[in-house]
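Labels run A, B, C and D following the written order; every chain starts at residue 1.
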């Protein structure tokens, strides 16, 4: 079969990429181009492999690993192939982008970065394909560790190391729960091969335990609130193409895991599973986007927006599970395809956004949007890419973000059929309303991000001296941008792939997902149906534009004079521009309880009172979960440890006493046996 | 075969004696590298013999697959530690921390230490095993006290006192076992011969055997650093010269565990299985629990590693305590992995302390920017020791956890995993602090890492990485056989 | 000719129709309002003349702005017109295109660009207006969805056509009262009317929509005004079609629709004259009322 | 036999009361001598040759070599006494009595009918008293003495339950005991040399 060979070749290429850096160390240029070309080709092969799988059906490969757990196979079914293709797509873009971007790092441990980059891709590919518990966990942890090193790459700054540390510890704890879930399954079905794992063999209570462990474990990786705190720290710390990869693909491996568990291993569960996921999802979405909105660090903002999008994906999954447990397989299909479609979309536009942010960062060396501005004139192509990503993230038609948002809305709309009664109706109504709120907030957030970063006058010297990004970077971004537009305008294609991905699972039916005409998507599940014609919407928009244009020319083309912006007669300068802080102020005030600002102060930087004032406005947000939960937890643990340490007093007499005591205790205890 | 065994015992003694009479550092180095090479070579030969021919008895000596597992550890560590000692001690000499006379003493004692450890593994008689274990204490005591400064003496004193008390209890236990044997067997029997005990064990009086095992467990457990008898361990490990710390942690603790296991095999024939499992699991779990706070709040890098040893001994005990073949397999594999990884870590810690002239974690900064190779090896090994894939320790840890789950003790397994995660957090926190961050303010002694030392560490790291993805068939065979010896019946 | 092409054609025609009627309705509201304030007020067709005047005028553009500034008005206008095409005024239209969520997000597209343009000018007023516009939009979105869900849940579809027909077939109930009030509040907020925003003011501190368009002049300004008018009519039509449906209130003939629209215009005028503009941070509470009412309506179904 | 064991018990009890190091060493000497006698007695009982060897070994190592080493160190550290033990002499005497009770309880509970009851009991008591000394005495030397007492006790347990271990093991044990004491003596001597007191309760630098 073709797929196997491609798969092997891909692994080999990535490995060569890893090893190559040890030999091309002396010339940074060669290292850069060779390693990233390896990654590029590997990703291309990944896509090919996925395509072959979609054409020829699932492929299975035995991996050359000798461990006392039986043979380790890699089973590429449709689900794996879908995510594999995702890695391929984003990976290709970032690899091309890396050619230009990593020139920043010629003096800063480039070989390590390039090697780890390949290792990262390799581990992700393995996570998505291996079908053996131990192999999965190994790949999973390797992925975490490698990404940890990448996050920590610029360890000259202390904060990066700290972020990396928090990231690794959080994900490690998450892995503990994943291990528990897997082991419980494995014991229940007395096998460690994915094909044998079946939740039905486990008692109901244990199934619930497995479910909870899986949610916590994968949720940690997915940046689900309240175990999300690592994400906004780790993503900004990493180099931008890595951040793109992490945010676009690595988070999705968690979704992959959830799909495996909820669709395949655990089987159909009780209703409350789905509801739990729904609640977590909506909380994640709202909190994420709120924090994103009030953030000034461009990459942190994107990271928080990733949290929001994971929330939306979770909504899809949760709705699907509710429908599943209610035996409405058609609607479950719709919901899950909404989730998967959003996985795809988020991978595209978030990687695009991070690459754009990276381009900005590279030329201006600042991530603080308050110091940017006016970049649209300096770097027009980057601006276009970022605009596309912003519109897509704000899930506005006609770009791809809207399609999955629409599907999610649809699946939530039919939720009352599964959740009977007033409560169900109100619950789903609130879910939809909050999802709407999320959408609006996302729009506002990215208006702010794009507007402050790219529009108006430059707010700082480095922003004024910015230049367009390197061509390879533009190419990388451009590819993704085009994909964004295409998958928004022809949603049918992607939806077909998604539905085929879900075809493998017996608990969902995607029969109703196919719409007969090429320009529209739609679904029918039972008597429910919904459809959206991208072409028609486009036509309407186009007609509107035409009308506008006609009006414009109808009355003769008037002269266009140039006049300064109206600022009440003063010569405008960048200090008069509206800031991101100001833009989000009103929201900060309305959602005080969540985004409670630690302090807002007006500092006069001018020492001499009478020499006029030089005012600076500081805001610091108090992060709810950190200040209320994680901080106290940490302190109490440290205190407890300090207390426990008092047993090691250093007195030898006491030590001998311990032995005495333990002997006596055990002797007494042993009498009973 | 018998010759090989004798040779293995003889070579270290000779090396020791020879190095006592050396007059040049070079000769000293040469003698020891050759000697340790020979020793390891012989041990490897023995292991090979065991693989092909199975268990062998020769007069008072007896080796089977179970001993082979320990022999692997001892072989590797003998070699690496004396390789490392060569350059480490050279540096100490250069720094003027020690005199040439002390160097002689060091190598003499080191080889004696090798000898005692090997003899623990190869003797057939449980009484002699006790003697050997006690001998390891005495041989290593003077190594712990090597520098004869205040804290070294203190550590040594506690080490000897606590361990000897423990070992006395083990003797008591052994005597009770002998008593059981006397009662059970007729007039003619080999006293305390392990094989004899094994075949006649079903006829023993359970009450006495139980009593004896309690004492033996506590006694050897003291030596193995099981909480709460672990109190000597951090002091000794932190004060001994780094190669010795590596040996203590990697090999000596394992030897003590081996002593427990040998007795366990006898005991479990008559004593209530559940009782034994509770006992072992209890000690194991308690060790992990006790280790956690000391790892979370720690200021001394070598103490940090020492407490991690306590934790790992706990894991190993859990593996044996579960009692299933998978668990024992995992535990034995863990002995090997831990031995190699932890010794490597102690070597690195040794170099770090030489570089920074301090063991205070807070004063060690930016290792990776000073020596990138060492720094990366350090962080990799730390990741390995905390049970992160794709390193060997993860495999054995996972097997043990899996066995715990499989034996139906789900809560126990979950708690264990969480505790290990906590220890991971602690270790990594300090590791990152040392490895990364800005260069230290106070000057760092410019010293190059000696080639032998580098070789020693490299070998260990490579081994760790390999065992993570590839367990050779012969090793698998040995472990499988050994576990079936422990579990009983094959 | 693709399948479903007819509907698309019809909805385009309808969109253009609505677009051309919209200024008239705006004029009507102005007049009624003037009458209520005992003024004669401008002619009903005045809005058309204003637009014509603006379209013929030259425009002044700040050197600060980028192409976003120039594109925004077109997108805004186009999005409003496109949204107009999705309304189920004639029941066979809107089958393929009309979708609750699509409608809302298409309108959001226009807003997105307009706010960007407002930031593009680089003046504080623009930013302020944009920020406030977004602020209100954020609050309106859930309220709007909730109020529309009243019908959507009953009809178990998001398709406006089906929703409208379902509403038509269903008889009058208390749900409608709640729904009507809820949606009316949203309507006022969404179309930038008193008490949320004052379309006539140009006082920097109070203006929202006007603040965004401060930099605009000439043809572009005309497009924006027109787009706003279309959007307003869309909201009114939605109100009519979903909350004043046929057999509950009169019949569903085209005439009736127009009559109802005029009624809504009167309602708006009344609301504007009877209340005064509230502080910005009162708006959330105002909209919360709408949300609560919608939930009540859901419960009372 | 019983007389010997009672005497041994007496020496052990005496040890809890002494505060002079030299006296303690002499008591240990006597105690070891008694042990040797007991060993010989067992030899006479069973008529096993190697018991005599064991007895001689005990005599040589425990009665001659070890006390010799101890007395050396005692000379080295002038006028050091165990004046303020952690547990005062009276309390430790009480402790010793409790130890006796405990040991009887233990043998009745765990090893009924193993050897002669009193002998075994006194042996275990000696072990416990040895532990007690280690736990409650500050002076390094006193701890060593406690250790030896414990050693003797265990050896007596061996004697009384199994009539002695096989010779080779005995040899090993003796050797170990000797070396252990020597090592400890060296350490004590070094402590003295490096200008620190031999008060082990001062050794608290390493903690945490």
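The rule we apply is simple: a contact is a pair of C-beta atoms (placed from the backbone, for glycine too) under 8 Å apart; a residue touches a chain by one contact, two chains touch by 3 or more.
Values in this document were obtained by computation on a predicted structure and should not be read as measured data.
Asker: Need the graph distance between chain B and chain C over the touch network, please.
Answerer: 2
Asker: Give me the step distance from chain C to chain D, shortest route via touching chains only.
Answerer: 2
Asker: Out of every possible chain pairing, which has the most C-beta contacts?
Answerer: Here the largest contact count links A-C.
Asker: Please indicate which chain is farthest from chain A, where distance is taken between mean Cα coordinates of the chains.
Answerer: With centres defined by C-alpha atoms, farthest from chain A sits D.
Asker: What chain sits nearest the middle when you go by CA atom centres?
Answerer: Located nearest the centre of all protein C-alpha atoms is chain A.
Asker: Quick one: report the Å distance separating chain A from chain C, using the average Cα coordinate of each chain.
Answerer: 35
Asker: On a C-alpha centroid basis, what's the spacing between chain A and chain D, in Å?
Answerer: 69
Asker: Cα centroid separation between chain B and chain D, in whole Å?
Answerer: It comes to 30 Å between the two C-alpha centres.
Asker: Let me have the rounded angstrom distance from the C-alpha centre of chain A over to the C-alpha centre of chain B, please.
Answerer: 44
Asker: Mark out which residues of chain D touch at least two other chains, giving numbers and ranges.
Answerer: Only 110, 131, 134, 143, 200, 203, 205-206, 208 qualify.
Asker: For chain C, give me the residues that contact two or more of the other chains.
Answerer: Residues of chain C never touch two or more of the other chains.
Asker: Hey, what residues on chain A touch two or more of the other chains?
Answerer: 645, 648, 652, 656, 667, in rising order.
Asker: Taking all chains into account, which pairs touch?
Answerer: Touching chain pairs, listed by label, come out as A-B, A-C, A-D, B-D.
Asker: Would you mind writing out the residues of chain D in touch with chain A in their complex?
Answerer: For this pair, the touching residues of chain D are 86, 106, 109-110, 131, 134-137, 143, 200-201, 203-208.
Asker: If we count contacts the way the header does, which residues on chain A are in touch with chain B in the complex?
Answerer: 65-68, 134, 137-139, 141-142, 145, 152, 155-156, 158, 161, 164-165, 168-169, 172-173, 176, 179-180, 183-184, 186-187, 637-638, 640-645, 647-648, 652, 655-656, 658-659, 661-663, 666-667, 670, 673
Asker: Which positions of chain A touch chain C when the two form their complex?
Answerer: My answer: residues 374, 376-377, 383, 387, 391, 394-397, 402, 405-406, 409-410, 413-414, 416-417, 422, 425-426, 428-430, 432-434, 436-437, 439-441, 443-444, 447-448, 450-452, 454-457, 516-517, 519-520, 527-533, 535-537, 539-545, 547-549, 551-552, 554-556, 558-567, 572, 574, 576-579, 582-587, 589-590.
Asker: Mind listing the chain B positions that touch chain A in their complex?
Answerer: Chain B reaches chain A through residues 157-158, 161-162, 165-166, 169, 210-211, 214-215, 218, 222, 228-229, 231-232, 234, 272, 274-275, 279, 290, 292-294, 296-297, 329, 333, 368, 383, 388-390, 394-395, 398-399, 401-402, 405-406, 410, 413-414, 417-418, 420-422, 424-425, 428-429, 432, 436-438, 468-473, 476, 479.
Asker: Enumerate the contact residues on chain B facing chain D in the complex.
Answerer: Checking each residue of chain B against chain D gives 60, 125, 127-128, 130-131, 134-135, 137-138, 141-142, 145, 148-151, 153-158, 160-161, 164-165, 168, 171-172, 175-176, 178-179, 182, 191-192, 207-208, 211, 234-235, 238-239, 294, 297-299, 303.
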